[in-house]
């Protein structure tokens, strides 16, 4: 099962991961990563904007690519847009597979691609001032691991 | 926060992962792996036995080792014992960290050690007959990755 | 449409422009914005589809052009 | 105590034995069980603590000896 969603409101990852897991009974294992807005360095809020015609189709293509590359039974990608506060989930990626390593690698693969090969733009608010976050060199070297 | 438990009854991983995540607000990310009893190859049931004086202390030491090695904010290890049916969770490992890769590696590390460096013995029932599962060579080579 | 930090440079997320070749459209914009849009890392989408040969774009009535700076998601 | 598949070889998960050196305890067991317990991959715990120098063990009244075959968890 491929389940990809853009969410505009705060969400509880467990409410999605439970049904996703139950959709694949006897599966072996599920690896899940949940990324949250960090509270460090005085960050007051984070905003993610996207470009609707490209963002969701891009995530769907990414999930399909990961599912076939890692021989998954299912993949779920949930991604927030809009303004988020520290502690709120930004992204939740789950992979269900017969084999543990495949599930890990698929989630790692999807996260690296969401970071620097998907259509999201991020800015942070500190001391009342919004600043755009530029992609980091680290993100691109993470991505190159999968070539 | 280190949270390590042996569970004797079926459990819902989400009921533990949610509170574990909320115990580390603004954390960066949480990686979770849930392993389930596979339904393939005619497996009717799985039984895990353990040796109480060593098993839980060994899991606690493992969690503490992972937490310091990967600079975690928290680690949770839940492991079933007793008889389980296909689709029931056997193990749930979560790592909370500021950095995504650390969380992934800590869960991978803990799973490899639970597989072949912890005090559990596993047998499967097929066609009404119980058979002990021997450790696989793959498990030991997985473990050697961390030396 | 201007995505990400380009919306700040433009001072707005969207702007109406006259139809015509892209070079003419850019020439009508403030110089600092035109320079930001021509950054080689900025991708361009016409009506929701990425365009490789940006210099060939000729806008018609109702077309939507989007300027997409380097992303930073996850 | 016999863990894992050793419980099947022993026909029981636990067995009472007389006090004395380990060699004497093993000599009183069925040969097939004694051989399985002496497998170099079987670890031994005395009162819940792993013992390295197994040949030095002398059981006293109330001691608990556990034979632990190779594990297969997770």
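Letters A, B, C and D mark the chains in the order given here, with residues in each chain numbered from 1 onward.
The rule is simple: contacts are C-beta pairs under 8 Å (C-beta built on N, C-alpha and C of every residue); 3 or more make two chains touch, one makes a residue touch a chain.
Here the structure is a predicted model, which is why all the values come from computation and not from measurement.
Engineer: Centre to centre, using CA atoms, which chain is the farthest one from subunit B?
Structural biologist: C
Engineer: Compute the distance, rounded to whole Å, between the mean C-alpha positions of subunit A and subunit C.
Structural biologist: Computed value for the inter-centroid distance: 27 Å.
Engineer: Please compute the C-alpha centroid of subunit C, do the same for subunit D, then give the distance between them in whole Å.
Structural biologist: The mean C-alpha positions of subunit C and subunit D differ by 76 Å.
Engineer: Could you grab the centroid distance between subunit A and subunit D? Build each centroid from C-alpha atoms only and quote it in angstrom.
Structural biologist: Subunit A and subunit D have C-alpha centres separated by 50 Å.
Engineer: Could you check subunit B for residues that touch two or more other chains and list them?
Structural biologist: Touching at least two other chains: 35, 111.
Engineer: Any chance you could list the residues of subunit D touching two or more other chains?
Structural biologist: As it turns out, subunit D has no residue touching two or more other chains.
Engineer: Touch graph of the chains shown: is it line, ring, star, complete or other?
Structural biologist: Basically the chains just string along in a line.
Engineer: Could you please write down every pair of chains that are in touch?
Structural biologist: A-B, A-C, B-D
Engineer: For a test of understanding, state which residues of subunit B touch subunit A in their complex under the given definition.
Structural biologist: 12-14, 17-18, 21, 25-40, 86-87, 98, 100, 103-104, 107-108, 111
Engineer: Looking at the complex, which residues from subunit D come into contact with subunit B?
Structural biologist: By the definition above, subunit D touches subunit B via 1, 3-5, 7-8, 45, 47-50, 66, 68-74.
Engineer: For the complex, give me every residue of subunit A touching subunit C.
Structural biologist: 35, 48-49, 51-54, 79, 90-91, 111, 114-123, 132-136, 139
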